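By written order: A, B, C, D, E, F, G and H. Residues from 1 in each chain.
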Amino acid sequence: MSLDATDRAIVEQLQLDGRMPFTQIASEIGLTEGAIRKRVQRLTESGYMQIVAVTDPLSAGHRVALVGLRIAADADRTAAAIGSLPEVEYLVATAGRYDLMFEVIVDDEAHLLALLSRLRARKDVLEAEAFPCLKLYKQTFAWGAS
Amino acid sequence: MSLDATDRAIVEQLQLDGRMPFTQIASEIGLTEGAIRKRVQRLTESGYMQIVAVTDPLSAGHRVALVGLRIAADADRTAAAIGSLPEVEYLVATAGRYDLMFEVIVDDEAHLLALLSRLRARKDVLEAEAFPCLKLYKQTFAWGAS
Amino acid sequence: MSLDATDRAIVEQLQLDGRMPFTQIASEIGLTEGAIRKRVQRLTESGYMQIVAVTDPLSAGHRVALVGLRIAADADRTAAAIGSLPEVEYLVATAGRYDLMFEVIVDDEAHLLALLSRLRARKDVLEAEAFPCLKLYKQTFAWGAS
Amino acid sequence: MSLDATDRAIVEQLQLDGRMPFTQIASEIGLTEGAIRKRVQRLTESGYMQIVAVTDPLSAGHRVALVGLRIAADADRTAAAIGSLPEVEYLVATAGRYDLMFEVIVDDEAHLLALLSRLRARKDVLEAEAFPCLKLYKQTFAWGAS
Amino acid sequence: MSLDATDRAIVEQLQLDGRMPFTQIASEIGLTEGAIRKRVQRLTESGYMQIVAVTDPLSAGHRVALVGLRIAADADRTAAAIGSLPEVEYLVATAGRYDLMFEVIVDDEAHLLALLSRLRARKDVLEAEAFPCLKLYKQTFAWGAS
Amino acid sequence: MSLDATDRAIVEQLQLDGRMPFTQIASEIGLTEGAIRKRVQRLTESGYMQIVAVTDPLSAGHRVALVGLRIAADADRTAAAIGSLPEVEYLVATAGRYDLMFEVIVDDEAHLLALLSRLRARKDVLEAEAFPCLKLYKQTFAWGAS
Amino acid sequence: MSLDATDRAIVEQLQLDGRMPFTQIASEIGLTEGAIRKRVQRLTESGYMQIVAVTDPLSAGHRVALVGLRIAADADRTAAAIGSLPEVEYLVATAGRYDLMFEVIVDDEAHLLALLSRLRARKDVLEAEAFPCLKLYKQTFAWGAS
Amino acid sequence: MSLDATDRAIVEQLQLDGRMPFTQIASEIGLTEGAIRKRVQRLTESGYMQIVAVTDPLSAGHRVALVGLRIAADADRTAAAIGSLPEVEYLVATAGRYDLMFEVIVDDEAHLLALLSRLRARKDVLEAEAFPCLKLYKQTFAWGAS
């Protein structure tokens, strides 16, 4: 997937407001509405971009924790099982002290403990270390980040 | 922030497609378009929900890493500095082995090293341990998660 | 369990002296003895408060150690087994480097070693790391703490 | 402090109910009320036993965490400062991975983070690692434990 | 294997340029070409020295990682299996936190993850912790190093 | 640096024997000697390949250790200082538990200790953890590795 | 075992020179030779003191390493097996990061590796982490130490 | 220091009983008493062997702990300071997780804490992690060990 300057400009507008009308983006950038629509479609169909509602679980009283796992198995297989848990919102394989890291959204401490218990009872999980989030400082989805 | 069943139904629709017309949501849920619009406005203004373009940095050739920090300072102060870095996409304070954890998007290994070097040179940073992401398995933004 | 200011005042008195006569509490706070008795009964029956003798094992020549456990099982099941040991005075599930943490009171080093040996021989215990207490600095039971 | 069998029997009764009338203890054990009173006084004045209200902060919506500290200073001096914090309910010096370990009762995550921030900003604190308690399984104050 | 000053001088020349003609080495050092040839043969046949093409995988777009292993088996047996992997370029047994350490050259993150997955699925491998290389600062093959 | 199949074939020959005559490589691969010479020159001048004497310090009675460093500074600056030590044969920046990792060749334990002492006395070095090598299992320089 | 001042004085003399004649000790301390002999016999037979040749393995070209073990079994049982190895000179159960710690004297790196391999292949040994000794600074056997 | 078979035989006898008369050793080994005396003198004066009283601090009610240090200084300098403490009986520099490791004999927990406090207050000491000994399984001084 390669992006040109116009693609980036479109993404930046949609990161500010995902429902911005294409006519408005067109006039900001200096293209026709049809050209914007085509590029947005291409960015979306390629899997590079999606426009979605993003919610803040902390503001709704939920708890968030990052979890690091050490596993004794193929990462893809364990990840398939972990990823199917509805509490898991984000899951990656990592190099370093942990083999898999993920973020969970839970109702309360008892919920987190029940989730960790299920993980620890798995044969392919050696360690499950949770990092309860105490405060959310930043969450951006900005393409131009780096 | 408290949500009723209708709020949740709206959020779920917008998590599938952030640009779904309010008329379509209205007919799915059985409300007027105006009611949908008001509720979306309330969900957004409360800070609970935002509708944005979300991009996949890996598909654009970027690298992603989680980083755990041990700090020797007030978390808010250090977080303000870390959070102002454009590479930092997500930043939380955590309990446990790390004091702050964040996700960075970088161009390549040299970029990651330069970023870590800046962190390690800070007096309030005791340790900066990076976990380069090897594979992204799941990334949802679904409210109904837990 | 929700407490009002009067409840808190009663608890504070009983934290100074668990056997303080209700008439004395009544006169300190400005209520009738019967009202005090009812509130104490409610605080106790709800499980929020108990009035008990608390002893200092160190002053009787015992040794105290905290122990952190990593487990490979459901926390409730392992906790049930650990909690049934008479040496275990306090037991919690924790997030972070350890899955269960507890305090034990033992007669001497040999006793502690025998206890750790029993734990390490369990299949659901991966690690049992003891932190022998060298000095007790503070032990309060004060409700108004935070 | 040395205890005989009668002392232990008295302590055990008061661990069941700290307000048990001395006449009842006397009849259970087979001594006069005066003898019970004298022994309780001796147990209390020696610092071995206290009779107090003990509360369950979790049931009142508080959060509990254990914290392990690495310090770069005399333990007594740092402990004096940590122990003076009202959130700290229990504080010991330990051998092993941590130099001081303590339990805190806090209102919520923000409170815990603020507390950790104060600790990390201290020059004599090298590391402050928190273990948020997810569940309380056992809390006894029983002398006969070991 | 013991080396004299002439051996060292020859090695040093060949470390600068492995294809340096023996006549040139001979004139630099003050020996006959035949003497140089004999000594090089002896250094090579003893297993002390080899003259080879050494390549920089990073400059060809490959990724390099060090990996530390904890094992539950005889080191020689596990090392035989690890060493037979074509990605493993360098493998040693070490004292300390890791039992075996090795360097791998891989095509990309997915390749590294697949390799780690194979290791973690082995019964004799307890932990496989990867340290992705971010930058190569020095790589010498100089005998006179120490 | 991009390589074609002929480049790879040449590198493979020179990895077996760095002094193999170009005429021999030419006949093995089916090119003229001049073509081989040009390609070797290009491979060498691009920095991708060098032909050098590689020695085995263990067979000459030296000791080898890997060392992991945690640093509190810019990696390039610390690496410049570490890399200038003659005992350091290989030095990389890494992600994970260590910031810099390197291999040293030393005469004996006293030499290793002196080297570690110099590192630990540096302000930019937080930790220097040595992994003495107990056995060398594999050391290849093969391009075709991955 | 309780010691009086005379016992201590005798031990101190024998720590300077284990073969000091009893007549000399007698005249130093002001007792009869027979009294010295009786006390030495009592100190020895109680298991408190032994008079032995102590050797410095490092000065004879041996290597020394401390080893920390994590075990999954009763400490006494594993210790019986470890203690029967002739290389193990000193073995204790410890609280903290390791369950058993011991000192070994080995001929060389290969010997240490073989020993670690035997330990790691045991089912009751979870981790065997060696700390090769680089220098011996102090080794006393002085009773009056603390 | 190189030993022949006769030296070893003498050391072995003296490891059984440090006060064994030279005439008895002479008859066991088949040498004259004078020859034994000369060899013992040589073994002692070379620093390889000493004959001393060795005591068991645990049997006298003392506590023993191993301590691992991370330092930020030249090992010799820090070791000189640590080694001058009378509680330190054994002190070595090590490779691995700790830079210096030593054994201390202390009267009780308060004594150990005071000692650790002094160490932690030193600028050249980064971490002082104590491993209290729970049981002594083996302590030999046998030359023939490995």
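Everything that follows uses one rule, which is that a residue touches a chain if its C-beta (ideal position, glycine included) is under 8 Å from a C-beta of that chain, and two chains touch if they have at least 3 such contacts.
Values in this document were obtained by computation on a predicted structure and should not be read as measured data.
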| item | value |
| --- | --- |
| Third chains touching both chain E and chain B | A, F |
| Set of chains whose contacts include both chain E and chain C | A, B, G, H |
| Interface sides of chain F and chain G: same vs different residues, half threshold | same |
| A-C, C-G or F-G - pair sharing over half of the B-E contact pairs | F-G |
| Separation of mean Cα positions, chain H and chain E [Å, integer] | 39 |
| Rounded Å distance, chain C centre to chain D centre (Cα mean) | 7 |
| Two or more partner chains touched - positions in chain B | 65, 75, 93, 95-97, 112-113, 116, 126, 129-135 |
| Complete list of chain pairs which touch one another | A-B, A-C, A-D, A-E, A-F, B-C, B-D, B-E, B-F, C-D, C-G, C-H, D-G, D-H, E-F, E-G, E-H, F-G, F-H, G-H |
| Chain G to chain F touching residues, read off their complex | 109-110, 112-113, 116, 132-135 |
| Chain A residues touching chain C - in the complex, by the definition given at the top | 65, 112-113, 116-118, 120-121, 125-132 |
| Chain B - residues contacting chain C, complex | 95-97 |
| Touching residues on chain D, where the partner in the complex is chain C | 1-3, 11, 14-19, 46-57, 59-62, 64-66, 75, 79-80, 82-83, 86-98, 100-102, 104-107, 111, 129-146 |
| Residues of chain C that touch chain A when the two form their complex | 70-76, 93, 95-97, 99, 126 |
